[in-house]
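Both complexes shown next keep chain A, but they swap its partner, so chain B is in the first and chain C is in the second.
And then the complex of A and B:
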């Protein structure tokens, strides 16, 4: 008896691993091993041409003393997160709430709002470059003459706006799924108690969505900390470093500079990981701690 | 039975996964060998080659592909080579996208091609880290002398007395001017003996802002580190000191040059390309919105293809208070220090930089040949525009190279200009700030 249950367990485990093996192999090779190697590189001096040389914490020290990191990349990244995450979360929640009502052409609008999310970010970036060109549609409609992407005061906000535009659709879908999970009985009970639409939204919908909000905010924060492709395509970190973020700085040190500093770039990548980890933990405490915690 | 099948399945999946990474490992055996190789680079490979003439030696060659026409030219040259050298098979593997990034990562993994383009701007990093093969012995063995090439070009690829690249072609900057706009303004065409004052006067007369949707500026001043240094040189200044250990961008000559460069836009007789919604002034020149631009020979085929109706001429950039100045952009063929077929690789390089091949390069119109002997060719006599760019190399021209922090120097130059253009920062402050940042990067 004992041996057969033991074998049975083995077979089950084997089954499980068999099913996840395609993902597991890819994860091991392209994520876990690369990740470990990046952590190793962060303690070395490495220019790609000679083998990595052990450096200890020198790379970390250089990152923390770097002017571009301290005065541009770090504040820019936090600014990006603090502006984009609240707006895109709120906007997608409102969109999801609207889409949850029985509107006409509901499916049409859902598709339209989701469309930017399935379009390649490079393509959207190019479209935004044209829209915000000096003689672009935006200036022609508004009658302004601002050179949006070439002005240090505006370029970053255009990129932020574009990111909100592209991600809100996906987040809306997640909220929509969450909304449909809220039992109708709760709303009915509230109606009987005389709650109006706004009260229902703030006292039923939002609290019931707490776990979904946590998920959306977490995904949003991580995504915003890692913003890269739009900046790479649209501004290359310029004008005047106004759009240089941590990930762009990693790329610059690792590949773009004449003297490649892969070790220093890896150190910054590790630092970014730690920042994201800390912020996510903090968030979990704030969002879960402030509520009733009934969902868990 | 079922279990056996599952096990087999797992094994196959694992095997597939392993073989996927096995492909890279089969090429990796070169990697551990790398550190030892530079000590005894090509000698062991050389004697083996003549011993086996029956098999074809495979040589891999990479470059960036800047235009289909340039790729076609290279392919036709390689075809000629294959006819003359049936024992060598050249595999052309063009790299699209970020060339330097691809090349450096392939060197790091030991999978780099035998022959590749090296740009003047960053080649020294490769040579100083033993990634390039010194070519002097191979040159001597096949009777090629350094003096066959334009001195400024071959010197630019020399490090610690050794030659690490054979310049394949070069460009300098010429002043392109739009003949129609000059005619409309009733101005005489520029000549090679123009000065900064002539440039400023002409720019003022050529500027026409009457149509707000299509302004025409006399001169385009991009915040481009590939254009601005010309003005520094013309003012008697430099970007870096002689041994590239310090920058001289905060010197009086450089600051005054920056003031002059920015004055065009301040006085509304010049503009940045981005002011007019373009990334490159070449397009604006073709459209007739910039009457004069400093560009290289690459603008000639572009105008021929995209703006065939634009009537233009090319002269050398007008001299400044400190005389003539120009930039040399050049690319060389380099051979990997880890190549197993140094001799065959050299044969290819030697063929591609031979006088016959260089003539083909010249006649294609996008770059100028590096061979001294072609200075007096008929083509240059019949093409004054190309000749102006070729001759630019003899008048105060310096290579586009700023040492190991080159990208920082470039970044800081364009940022200083951007701060002056967009934030009205005084030139002296902007250049001082740039110089300080460069010095920090050097540490």
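And then the complex of A and C:
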């Protein structure tokens, strides 16, 4: 008996590792080793031609003294996150709430709302370039004559609007699933107590959805801090660097500039990771903190 | 008479009904407005893809007048790279999907069902890696797929171990890192944990080993979940941009999104052709989306409620 359970244990250990091995190998190479090597590279000077040369914190210092990073990429990225995340979260929550009112055509709306999310980021960017061209459809409909994507005052907002537009559908579906998990009895109890629609929304829906809100905001923050595709396709960081974000700058330093600086780009990637980590933790405290306040 | 003699209660009631109805109409108007907005870009793209190249900014914007198939003829006939890009996209997305679904199901099953040393350690690493922003591993991953972390390889005595795959400008360079991912493993683990064990145990009793049980019993019964993961993976791979942009260098190797973006740089004046190409990139996903709609909805609902 003992030997057979012993053998079973060995077989399980072996099989367990065989079953996870494909994932584990890819994880070790492209996540764990890659992460470690990114940290190592961030302390070196590396231009692909000569081997990486250790220079300690020099790379970080250069990042923090870089004009393009300090005065453009860093503020632009925060501005992007601070505008896009709240709007897309609120908008998709309101849309989901409206959908949840047992209105007609629910299935139809659900399908339509998801359409922008299935379109690839490149395709939707190419379409928006054309719509927001000087003689494009947007100006034709509104009668304006703004050169949206060539004007540093407007280009970034067009990209923000487009991304709010494309992600809200998916987020709405996540919220809708969460809303449908809230027991009707809770709303009925509130109605008996005389709560109106707005009160129900802010005192029941929002608190009950807190875990889902946390998830949506987290996903939004992580995604928005790394915005790249749309900027690459639509503006290449311009005009006048008004749309240069941190991820775009990493790409520029590591792959695009004539003087490739993979070490410095890695330092910026590490900084970005730390920023995202800090913001996620802070945001978790804010959302959970406000929760304990409401329940007290 | 009834109106003048109505009691305060009925007045309140009438007002509630009125506001209820008003609220419903407002919500409906809001949903209708957002629906119109959601369809508009694709609708205009479709319309203008059937208009001549010279009319790319010319009204009417609501219907393809004058009508032409020239842009699609350009894509499918004259410009021979387009069919290649479609093929490259299909090839890369299908291979990634097959491998990822299989590998994630295997790992998810092991994490849910098999006891092995360091299991919780690896699973915690997996959870952490889900939160890790992809951009931080971008440069090393590029070096591993391409020239190698250490140029010329790792020298151990006489042995030289390469540290890179040398797959730049090769579709397998796009496929390899996509073959497994943390979210897929997590999703399958959660699924198998919530799944009854009886069927598998019966099969194990009958003498099928782990592998026999997995392929004959476990995979077939988790079909729904596998399709959901397959759809998510295919959509992601089909639309992926940043990684293929770094790996694929020559136009013959491009996927459709990279190709369309490149085409725009080369032939800026042929924007109607780009619009027709955009329809080509969107159509397969749209068809899959309409056919498997409930799976898409399920997958999205699952992401929210399980992790939240």
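In this section, the second predicted complex is superposed on the first by the 268 of 296 C-alpha atoms of A that agree within 3 Å, B and C clash if a C-alpha of one lies under 4 Å from a C-alpha of the other, contacts with A are read in each partner's own complex, and residues count from 1 in each chain.
By our rule, a contact is a pair of C-beta atoms (placed from the backbone, for glycine too) under 8 Å apart; a residue touches a chain by one contact, two chains touch by 3 or more.
The shown structure was predicted, so the numbers you read here are calculated from the model rather than taken from an experiment.
K.L.:
State whether A:47 touches chain B only (first), chain C only (second), both chains, or neither.
P.N.:
A:47: touches chain B, not chain C.
K.L.:
Quick one: chain B or chain C, who's touching more of chain A?
P.N.:
Counting contacted residues of chain A, the larger count belongs to C.
K.L.:
Which partner does A:152 reach: the first (chain B), the second (chain C), both, or neither?
P.N.:
first
K.L.:
Thinking of the overlay built on chain A, is A:29 touched by chain B (first), by chain C (second), by both, or by neither?
P.N.:
A:29 sits against chain B and chain C alike.
K.L.:
Taking the superposition as given, does A:133 touch the first partner, chain B, the second, chain C, both, or neither?
P.N.:
both
K.L.:
Output check: A:257 vs chain B and chain C. Expected answer is one of first, second, both, neither. What do you get?
P.N.:
In the superposition, A:257 touches chain B alone.
K.L.:
Given the touch rule stated above, what does A:266 touch, chain B (first), chain C (second), both, or neither?
P.N.:
Second partner only, chain C.
K.L.:
One more residue to check, A:173. First (chain B), second (chain C), both or neither?
P.N.:
In the superposition, A:173 touches chain C alone.
K.L.:
A:17 contacts which: chain B (first), chain C (second), both, neither?
P.N.:
It touches chain B and chain C both.
K.L.:
Counting only touches as set out at the top, which of chain B and chain C does A:124 meet: first, second, both, neither?
P.N.:
second
K.L.:
Give me the intersection of chain A's contacts with chain B and its contacts with chain C, in residue numbers.
P.N.:
After superposing on chain A, chain A residues 11, 15, 17, 22, 26, 29, 48, 51, 133, 135-136, 255 contact both chain B and chain C.
K.L.:
Mind listing the chain C positions that touch chain A in their complex?
P.N.:
Its residues touching chain A are 19, 23-24, 27-28, 30-31, 34-35, 37-39, 41-42, 44-45, 48, 56-57, 59, 61, 99, 102-104, 106-107, 109-111, 114-117, 119, 122, 125-126, 129, 131-144, 147, 149-151, 176-177, 179-180, 182, 185, 209-211, 214, 235, 238-239, 241-242, 245-246, 257-258, 260-261, 264, 271, 274-275, 278, 281-282, 285-286, 289-290, 293, 296-297, 300-301, 303-305, 307-308.
K.L.:
Mind pulling up the chain A residues that touch chain B in the complex?
P.N.:
Listed in rising order, the residues are 11, 14-15, 17-18, 21-22, 25-26, 29, 47-51, 67, 133-136, 147, 150-152, 238-241, 255-260.
K.L.:
What part of chain B is in contact with chain A in the complex they form?
P.N.:
Interface residues on chain B, with respect to chain A: 3, 6-7, 9-10, 13-14, 17, 20-21, 34-35, 98, 100-101, 104-105, 107-108, 121-122, 125-126, 129-131, 213, 272, 274-277, 404-408, 415, 418-419, 422-423, 437, 440.
K.L.:
Could you pull out which chain A residues touch chain C in their complex?
P.N.:
9, 11-13, 15-17, 19-20, 22-24, 26-27, 29-35, 37-38, 41, 48, 51, 94-95, 98-99, 101, 103-105, 108-116, 118-124, 126-131, 133, 135-137, 140-141, 165, 168-170, 173-178, 181, 197, 211-212, 214-216, 222, 225-226, 228-229, 232-233, 247, 250-251, 254-255, 262, 265-266, 269-270, 272-273, 276-277, 280
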